[in-house]
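Pasting the structures in now, so scroll down.
Both complexes shown next keep chain A, but they swap its partner, so chain B is in the first and chain C is in the second.
Let's look at the complex of A and B:
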């Protein structure tokens, strides 16, 4: 069920005749359509400028200031950055956690999702049931996932400690700052694998069966068929999955926020931005500086990957 | 051919990218919050007579739980019947109200709003976000002790705040447990340690403890610091006038580290409600918390609950200081009906209004001296005496200090201390560096 919209909406590849037709139409209805086009294009462009570009620039500007939301904005140069890197303890924990998040999503959750997709694509019995089960955590908001995680991991009444028979010496899965990030990552992987699975499932459904048949005729075994023939044709999906994984890892927020407001070992950059800006603290300049660091990192990842892809495409 | 399915999910990163930018730009978008905040507010208007415009007052409330919300509605109904004022109550979730207070006060705030006494009140008053109410105090002042008056005074010496009720922090215990085991109330820190050791050998948790939310450990620090270094040093430290690297502060953490083995383990994954359940179920013998711990007791168990002051550490300071945070009201600087708002504050500062509110409350104590104590339960009666006899009253770490410092520095630092109590020096050095920067920036 969940995969049907993905395959159903597959748009036809744009070809030259289509573009040509549109140009003709444009010329024919030019006069009357110009205001419509201006409105239809102008509003999104304005919104884009106002909500994305203006706020980005504002954030970058604010990151060099000290501002509490009330009294005048004071220019402080690089002081916020200097303090973040030197005395703001949660920052480096957050950086480490974000990298850990990226590593685990990329190296565990994503291959797991691909594995599920390949299995389910084989039309084993109850495929739809498994598919729904794996996909369910994606539908649940991470805040709900966080709540479920508490029921499982709680030291005092959690299911996990009872299952492990540690009633008298319970492990503090969420309170111990050395292990809580791993406990949370399990929940995050559970969710991300379902997400990746559904993307790959859609991709696999569209792989031309003739390719596989040809591979089999040429004497490839199942493994070779998958890695040499099927996987390369999934390349567009792979790009999306990588980008999504990076973005998910950098914007991770709600699950740790639901568990303990992202403190005590569960710090993430996004949480630190919120804690400094949105809370009563109103340390807007300082929080903006963390936001800019997060922005630079995410853009760095995305640009690096996309340029590589584009370069490969050209070759 | 196989490209097509990729095009559809191709839309996904777009949305994600936007969200990430939006996240990154919380700074700018945060300004949009007041509108949402105002929209969230539910109207509890008592309706009725339109009357002249100056008989209408708006009231921003963070009393969002069912019981206090109803109690506030009752208070406002009495305002309507006694004085003929119609009060429009906008209730916002307690935590959201606190988090959005700066933007709320700069947007279109209500005439009167709920807030806390101490530095946290002074902070907003100093930024010109509140209206001084010295004339209100001329009416109600006689019914308040000096400690309350002091807690309601801004840094400029003007009055900004009307106290409504308060509640003490102390060591809570069950009488039946202490009787059954023959425990005596400890007067000094040595007696306290001996008692803790005995409780531990009896197979109970000596001191219930929870710090998942970060703030409950503030209560422990406040008690230790005031007992060890006195109220004046404590308040100066909170206000950024003393250094966190002072050996006096280190001594407090050393003492605390010695007591940590008697605290309930696994505190950083536990909420105060769960720790309170340990006291209810007699697994913990004592629990250092505000008297709101009583909310976790069934009415039948409530008479068994009792408390005592945190034991003396230094005889110079004895048990003089009591931590008793005051909740109350202020007038915003943008109030549309200042005269009406002042009338409302005069009423809220009266014993009449506080009596109505306290009917529904098992743990708080009316701030007005004349508040009717006949309806109090044993805890409330004892709390009223306890606070009344205090030589100094502190608020709470996050009310006595800069809100930025409390939430972004103190919470992580205290949690780190609880995790690894061994490394106090470098921790305090870091706290001091951050505190200096935050207090110097004035935000």
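Let's look at the complex of A and C:
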């Protein structure tokens, strides 16, 4: 928010590293500077390489083995993938649920968040109060959200069945594998919309009011002003929101895990990965293969996001 | 300028009210907006209010009348029960053992990395920046399996971990938090430091300040607002974490509070009112942090997003 006016001019000094000058600069650092740099830059870089990148690469490697943590690692080629795609039933349920998750976050939660942001940007009284309320679910742990969901959706005592007057024919919102994913998605929307709202509110505040005034003078109505003038200037925010939404949808884990450990209609790819290593089932190779499928889905978005960053940095 | 609902008239209205824009008289369209927002806001609060309400009522009562009924008895009984029989002080302490060092190390490492990437002409610094930023975007489940395997095989002295391996130790959980979250903070702080004029560190260098002093005495004080924002955000995220402790720990009494919440669930019978009281207690610290430091919280998120 505060940084946006400055960022435009900031990269300028960075863009002038002439070959000769660079050498001079490096030499400028004294004998004491190099050890400090090596240690304090080295530790986080090594930590990141070892725990994030090496493990990601290891997941890819392990996914072609039948490793179970005890016996020797045995290469099995594509067998894990073959089994996942053909005989491992929870997989397709999980894929469907992850897609639903993405669809609902993208088509319901995100527009809702944008809508809240637009309404709250209208110089409203108590706008802070409304903002806090809409944003509040975001700070709650997803595990807590999962538990609160059980109070509302409980078959016998839940609020929802009482409100719908279904005391005699209660609906088992979380137990019925046909509908429980939708019940959980409501909770996910509840949490995601506030996040999106905050991002858009910051973006809307940064929009030059002169743009809107000009549009109004040109006779644009409010809808036209928003969709033709304001929304296009929010492009950087839009990209972030898309990336965050996709990543949230792929990472979704805690809510379903808190509700029923992600079984009975609430399978997600992330849950299947952990289910294959936590507890008795120590199918590391198999779990890794599911993780690699998850990685393959998200990597495209990660790259798209990074190219966007680099492009903006060059400007 | 906010021209509401009717656009052609909006121009005239806006001009007339230019001196005090904030105090518009209530027009019907505004009224509708306020009513709408208030209704939605109440709906948004409802789940949490319901949890608080349920936690104040005995199980027998809600079992008989359902959660959607008038109260007969209200008490804080379940809070005491969750606090003592759920062993919550211990789990809160575990959370702090993990969260405080993690947040401190994340901010320290991330600020130094961001400083050196933005001020020192290190070869390949763009690659390093991308490595940090991209690492934070990967799904954590991709790291879970090898991490779990590696942790069970890395020995630790007993005074660091009673399990004698990195698995089931606080150190292991802290390490992955630091590695994972540093990526996000490096990215945010790098962008923030780009806005600080390079002349400042250059002048300090001319005056003979070492690299460490340029970082500690010149850049870090100017980065304080961003650090405050990130500290708030990171504390909440690490506090709320569920996955890492679940996968990388096994002893029940080492678990952080969010993962330990499951302990309140009985083996054969779950008292949801007790669970509600536990949930409220677990949510309380993050809600307090949020309401007390809302400004930092929001600016932390938008710092990461606005320049992206």
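Simple rule for what comes next: the second predicted complex is superposed on the first by the 267 of 315 C-alpha atoms of A that agree within 3 Å, B and C clash if a C-alpha of one lies under 4 Å from a C-alpha of the other, contacts with A are read in each partner's own complex, and residues count from 1 in each chain.
The rule we apply is simple: a residue touches a chain if its C-beta (ideal position, glycine included) is under 8 Å from a C-beta of that chain, and two chains touch if they have at least 3 such contacts.
The model shown is predicted, which means the values in this text are computed figures rather than measured ones.
Contact with neither chain B nor chain C is seen for A:72 once the two complexes are overlaid on the shared chain.
Of the two partner chains placed by the overlay, only chain B lies in contact with A:172; chain C stays clear of it.
Applying the stated contact rule after C-alpha superposition, one finds that A:287 touches each of chain B and chain C. In the superposed model, A:208 lies in contact with chain B only, and not with chain C.
Applying the stated contact rule after C-alpha superposition, one finds that A:254 touches chain C and leaves chain B untouched. Once chain A of one complex is fitted onto chain A of the other, the partner contacts of A:264 are limited to chain B, with no touch recorded for chain C. Partner contacting the larger number of chain A residues, of chain B and chain C: C.
On chain A, the surface patch touched by chain B in one complex and by chain C in the other comprises residues 6-7, 10-11, 13, 51-52, 54-56, 58-59, 62, 67, 69, 154, 156-157, 199, 202-203, 206, 236-237, 239-240, 243, 247, 250-251, 253, 270, 273-274, 276-278, 284, 287-288, 291-292, 294-295, 298, 302.
Every residue of chain C that touches chain A in the complex is listed here, in rising order: 1-5, 7-8, 10-11, 14, 21-22, 24, 33-34, 36-37, 40-41, 44-45, 47-48, 50-51, 54, 62-63, 66-69, 109-110, 112-113, 116, 118, 120-122, 126, 128, 130-135, 137-150, 152, 175-176, 178-180, 182-183, 186, 191-192, 194-195, 197-198, 205, 210-212, 225, 236, 239-240, 242-243, 246-247, 258-259, 261-262, 272, 275-276, 278-279, 282-283, 286-287, 289-291, 294, 297-299, 301-303, 305-308. Across the complex, chain A is touched by residues 1-10, 12-13, 16-30, 33, 98-99, 101-103, 106, 127-129, 212-214, 265-270, 274, 403-404, 407-408, 411-413, 415-416, 419, 430, 433-434, 437-438, 441-443 of chain B. Per the touch definition, chain A reaches chain B in the complex via residues 5-7, 9-13, 51-52, 54-56, 58-59, 62, 66-71, 74, 76, 83, 87-90, 153-157, 170, 172-177, 180, 199, 202-203, 205-208, 233-234, 236-237, 239-240, 243-244, 247-248, 250-251, 253, 260-261, 263-264, 267, 270, 273-284, 287-288, 291-292, 294-295, 298, 302.
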